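Per-chain residue numbering starts at 1, and chain names A, B, C and D are given in the order in which the chains are listed.
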Amino acid sequence: MITTTTVTPLLQQYRSVRKWTEDICRPLQKEDYVVQPVDFVSPPKWHLGHSTWFFETLVLKPFLPGYTEYDPNFNFVFNSYYESLGARVIRTQRGNLSRPTVDEIYRYRAYVDSAMEQLLETPLPPDAETILVLGCHHEQQHQELLWYDIKYILGHNPLFPAYSDENGNEKEGQQEKGFTKMPEGVYETGFSRPGFCYDNELGRHKVYLQPYAIANGFVTNGEYLEFMRGGGYREFSYWHAEGWDWVKNNDIQAPLYWHNIDGQWHHYTLNGLQPVRPEDPVQHTSFYEASAYAAWKGLRLPTEFEWEAAADKFNWGRGWEWTESAYLPYPGFERVAGPVGEYNGKFMVNQKVLRGASDYTPKGHSRPTYRNFFHAPMRWQLTGIRLAKTI
Amino acid sequence: MITTTTVTPLLQQYRSVRKWTEDICRPLQKEDYVVQPVDFVSPPKWHLGHSTWFFETLVLKPFLPGYTEYDPNFNFVFNSYYESLGARVIRTQRGNLSRPTVDEIYRYRAYVDSAMEQLLETPLPPDAETILVLGCHHEQQHQELLWYDIKYILGHNPLFPAYSDENGNEKEGQQEKGFTKMPEGVYETGFSRPGFCYDNELGRHKVYLQPYAIANGFVTNGEYLEFMRGGGYREFSYWHAEGWDWVKNNDIQAPLYWHNIDGQWHHYTLNGLQPVRPEDPVQHTSFYEASAYAAWKGLRLPTEFEWEAAADKFNWGRGWEWTESAYLPYPGFERVAGPVGEYNGKFMVNQKVLRGASDYTPKGHSRPTYRNFFHAPMRWQLTGIRLAKTI
Amino acid sequence: MITTTTVTPLLQQYRSVRKWTEDICRPLQKEDYVVQPVDFVSPPKWHLGHSTWFFETLVLKPFLPGYTEYDPNFNFVFNSYYESLGARVIRTQRGNLSRPTVDEIYRYRAYVDSAMEQLLETPLPPDAETILVLGCHHEQQHQELLWYDIKYILGHNPLFPAYSDENGNEKEGQQEKGFTKMPEGVYETGFSRPGFCYDNELGRHKVYLQPYAIANGFVTNGEYLEFMRGGGYREFSYWHAEGWDWVKNNDIQAPLYWHNIDGQWHHYTLNGLQPVRPEDPVQHTSFYEASAYAAWKGLRLPTEFEWEAAADKFNWGRGWEWTESAYLPYPGFERVAGPVGEYNGKFMVNQKVLRGASDYTPKGHSRPTYRNFFHAPMRWQLTGIRLAKTI
Amino acid sequence: MITTTTVTPLLQQYRSVRKWTEDICRPLQKEDYVVQPVDFVSPPKWHLGHSTWFFETLVLKPFLPGYTEYDPNFNFVFNSYYESLGARVIRTQRGNLSRPTVDEIYRYRAYVDSAMEQLLETPLPPDAETILVLGCHHEQQHQELLWYDIKYILGHNPLFPAYSDENGNEKEGQQEKGFTKMPEGVYETGFSRPGFCYDNELGRHKVYLQPYAIANGFVTNGEYLEFMRGGGYREFSYWHAEGWDWVKNNDIQAPLYWHNIDGQWHHYTLNGLQPVRPEDPVQHTSFYEASAYAAWKGLRLPTEFEWEAAADKFNWGRGWEWTESAYLPYPGFERVAGPVGEYNGKFMVNQKVLRGASDYTPKGHSRPTYRNFFHAPMRWQLTGIRLAKTI
């Protein structure tokens, strides 16, 4: 064990990230770690193993001399989508694996953590530090996914078990009203400060924005209920063609996790089923729903550039905010060789950019230039809606 | 607690059946109870709950005055296919449920068992006894399914964990060679002895059999390997048209659980991967494969009536034996009203009859008139092949 | 051209069969020849080509010296399911082929017919005669399929065009009432007369029948309407489990071609939409529906052996009669080598036997031993319902 | 009949557009009009009817007093995707309709044309003229789709029939080499000239472009063959993740219509199968392939704004050019009420913009601001590849 006096900031960051992952999982029953009720959800135990495998594969194996792999089969089990790192269990099969057990995966974590501590006793080559820092941010992304997946697993169980009884659901105040006007002109966009960012934020560059206004607050549950009561889910003209198909094929009538119980709208939260509070931001809508709501209001969603240009004018963070922008490379984007190059670039088609952060985003894991992305119908991630208009 | 002196045979049967189910599950890790790697497999914890629910719903609720249901939600979770008993989790969703937990389900079992003990303190009305006995046989069927499902769950895990290291795989002697000739004539078929049988065995009646001969032993792995090496999986003419499609669409090249490792055939067993022993009966083939093998030999499978007429001439029990017969009602078959009537009759189309028993069949759960049935492509159940010919 | 005086019975048969196929197609528009609205329907032009290809491939090529193939590509286009005769357009793609054109296919027919006339100028070797006779019966089967497919193509067009305005729909009398009792005992079943039969009818053999009674007439539309009005399609207990799934998944509420127009049941016929006449036999039900109707009446369908034993006691022919029997080989069934061996045997799993004949069966193409077969949910073929009971 | 002296330019345009549609279809066999070999292809007869239905529904019914609809059922048959105009045959069913016949649809065209001539005898209200002009451009779009669909229907027939033997395939010269540099700065984009444009081109506005260079010519077959021979289809790192799945799931190895015959690449053209000429522009690639090719070259595709800013620097028109841009609304885009508003806006998600024109684009149907759009995997439309780079 390293004494406190020698703990480097890097080790501190590593320890803190690793601990938070396990803290999130602490209230789970062992069975909750295992299931995968839908293809886009991963079993919590898979997240625990995969984030560990990342450090083992990309840090320990190349940089810790004499490191012995924990179990050679784990590469097959815990690789997510890295084509350059070999064959893998296909995503839809993750919930079929009872082994390795949860206890075994915690042992795997401890084993890798111990080797990481050893590695960090001496200064790292810059390459190793870069990938280690990426590994910490990578695990933070999986922390947020863990919350989504735990919520989905419990929230789709017919018994609606609460994740936790403590804390939870303090009432917040009213959302800010009104819009902030932004003048037309050339703006700079993209990351340029010191510190970590993903490759997809790089290549700071100029964009020309037409004059616009952006909402000061999120759309609330109460406002969204007006849309629902006004027939928003039954009138095709508010919807993209494929959004309308999605509504009809899946019989969508409300945001995810909403249940109408005896005429009163409830939604599943980590504290169990709760009545929907009109003043809270509406969450768990798809891009289709966010866009249809905007159309119903005669407004639109902001582009990611409009959002970034105005990001210091409003509070953000209750939910990732759908933008009108498609997830595309910035002009100077370059795809790095090797597995790290598979991190972002290969997903740059047919997804939408979300900006901001959510209740589940780990501390320090967002910034105004952060580009999150999901497919248009996805809504198990924690989303919010902010409106905009051309003026 | 009831003292030993008062234990009725019925209670003894109940206790022994219930205990065996839990004995089967003892070596499992908690995670093994949860997963459902394919739609026809049920999670072990579901079997534990469902067999308990059967007694609660069909015995305790109607016959134990003042009985309080353990949890009203469990009816939804643990109903299998009984339309008459209300809505249910669809079969393909069983593996998505992390709750109720395994511990909770064992508590449910204990709760129901305790109520059953109480019920059995006094003599039962005949109706109750009938359904209770059916419940015991029902749970025995699920014991056999438990074995199949556990084997599938562990045998499809990339780590190939053994269920158990003890006992297992003693070598048995050679299979009997040759055929027994049976004269043509009128035979009686169907159940007529005292004791329990399923409704599908009832209506003992006459059938006329042409002269035939039936094999004294099972087809062995060694014989089946000749078929494989002779191109049996590549020559359409041995196969039914839909069997041939099944082979091609699923790239079938060997029985289930077989793996060719460095040129040597192994198969997954409850003791882990083992070399295939040529003298053992071939197991885990589908009807298509059994029939194609017979065609390749210039022979055929017996009908269920031929099998039953000769059942005292040979040893059976290593695997359920595919017959040529379709699963159809006997001439006098009558479907009972209510949930018990859903037990067999509604499945009498597009399935094949299997006769005999398997290594996994609970003691006392088979007899010469027992009609097991599965769809033609199924092979996770423990099957064997016995040949026949018209003479 | 051969003079009339030399026309052999075989040539006469050939000419007459070939002509009837074209007579059936005469009222079609060219577009009607082309489409395939569902996978189990084939475009009429495909039937015209396929039945011709059968003679070219199995008669002319092997038996007419110097015969020149019409077009080598046609083997690929017009092979149906004969694995032994090479690659083929998969069944679901037949409706995607605009070429060869209808005119071209008629030229193909004329070319092959002319070669066949030439071949038949001199006596044939027995092998050739056998396959030629099979070819005629094969084409007759396709004639019946042609009727089914034409009816489906026109009957599923939103304009509901009539195939023909002439003749059609004369009222017939009442169906016979009552049942004929048949004594138990040993009966002979299977073909034994001189003349043509399919291989699946061969191997005349004994069966033992329990005492039973079989209906003298078909179930009528009026009787079936009672079942519908009595909630037959809404009560699961009359249905096989997979039949019930079929009803729910396809929202089945009536026989095929039935439409409720302003509260009055109509059905599509070759003369267009017509009111359903209560006294006519109900047609176009699936096995599931036939069986559910029988269950609702407290009766059952006959087995194919019961049907055959009593076939001289009642009129049959308005629709192929679903039996309870699965389509299985007779005890002495042998699969011939080569393409002819693919005719029947490879379909002997998961289908039901139908006995009798239908309004669309070509003259001389049925007999009491004829075993027709279809999958349980199929109902575009012309079916009828006859009931039976164990007594 | 109207005398030549009175023919207005609008009528002239109408007549000329309507005639060209029929000219395209003239070489077809009647069967070619009917089939739909894949869901995104429509039968030619459907295009003939649908473009006619557009005029009948949106011009004649509202603006020609006393107009009698040709057949009320045609609305159901020929509506494409206009939710506001009632129920319709779903797209995948278009190839199942043998009726109305081709002759009937030509009669429908003549009937509507005659009414249109009558309507155009007198000056139109501006509303009517607007929609009539849109109808002409709409029919031109369907002319281009007609070419795509005819090519697909004939090019996927196992007989590979030529559409026509005349004209065709003159050799063109070399493609221009090199790149044109464009300075960074603010550019204007969008339609601003007099004349017709679609709503998606409107809202001319400023964009800021980083310095870039754009290719003077198309990528040629010869260059693309180098990519193929260099393993481009086997190396995942050039591909988007979903593009790589597309390659593997569909076993893609070359552009659409390419066939390797005895080691020599051919492609299906309207003149039949022809050897691929290395100096011609490569056509019929998907966005995934265009993007992977660019990645293999270390370059990228242009954005639609880069393309438009440089459109007067190079020749375009052999194929629609994939851009990196997603199909999104311009800042000032407004969706019109009613059916015309369904023309473009509702498709603005998950599609890519293509710019330019193709060999099949009707004269006068493109311009530098024209925004065509297709889904990333689509390639039956006539596409080309132009490269770009950030400098």
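Going forward, a residue touches a chain if its C-beta (ideal position, glycine included) is under 8 Å from a C-beta of that chain, and two chains touch if they have at least 3 such contacts.
Heads up on the chains, UniProt names are A, B, C, D = Ergothioneine biosynthesis protein EgtB.
Nothing here was measured: the structure is a model prediction, and the numbers come from that model.
Shared contact partners of subunit A and subunit B are absent.
Think of each touching pair as a link: the shortest run of links from subunit B to subunit D has 2 of them. Greatest Cα centroid separation from subunit A: this falls to C. One finds 45 Å separating the Cα centroids of subunit C and subunit D.
For the pair subunit B and subunit C, the distance between mean C-alpha positions equals 37 Å. With centres taken as mean Cα positions, subunit C sits 58 Å from subunit A. Residue positions of subunit A in touch with at least two other chains are not found. Of all possible chain pairs, those that touch are A-B, A-D, B-C, C-D. For subunit C in complex with subunit B, the touching residues are 81, 83-84, 184, 186, 205-208, 210, 212, 236-237, 239-244, 287-288, 291, 295, 300, 324-326, 328-329, 331-332, 335, 337, 341-342, 346-350, 352, 376, 390.
Within the complex formed with subunit D, the residues of subunit C that make contact are 29-38, 45, 73, 76-77, 89, 93, 95-102, 153-154, 156-159, 161.
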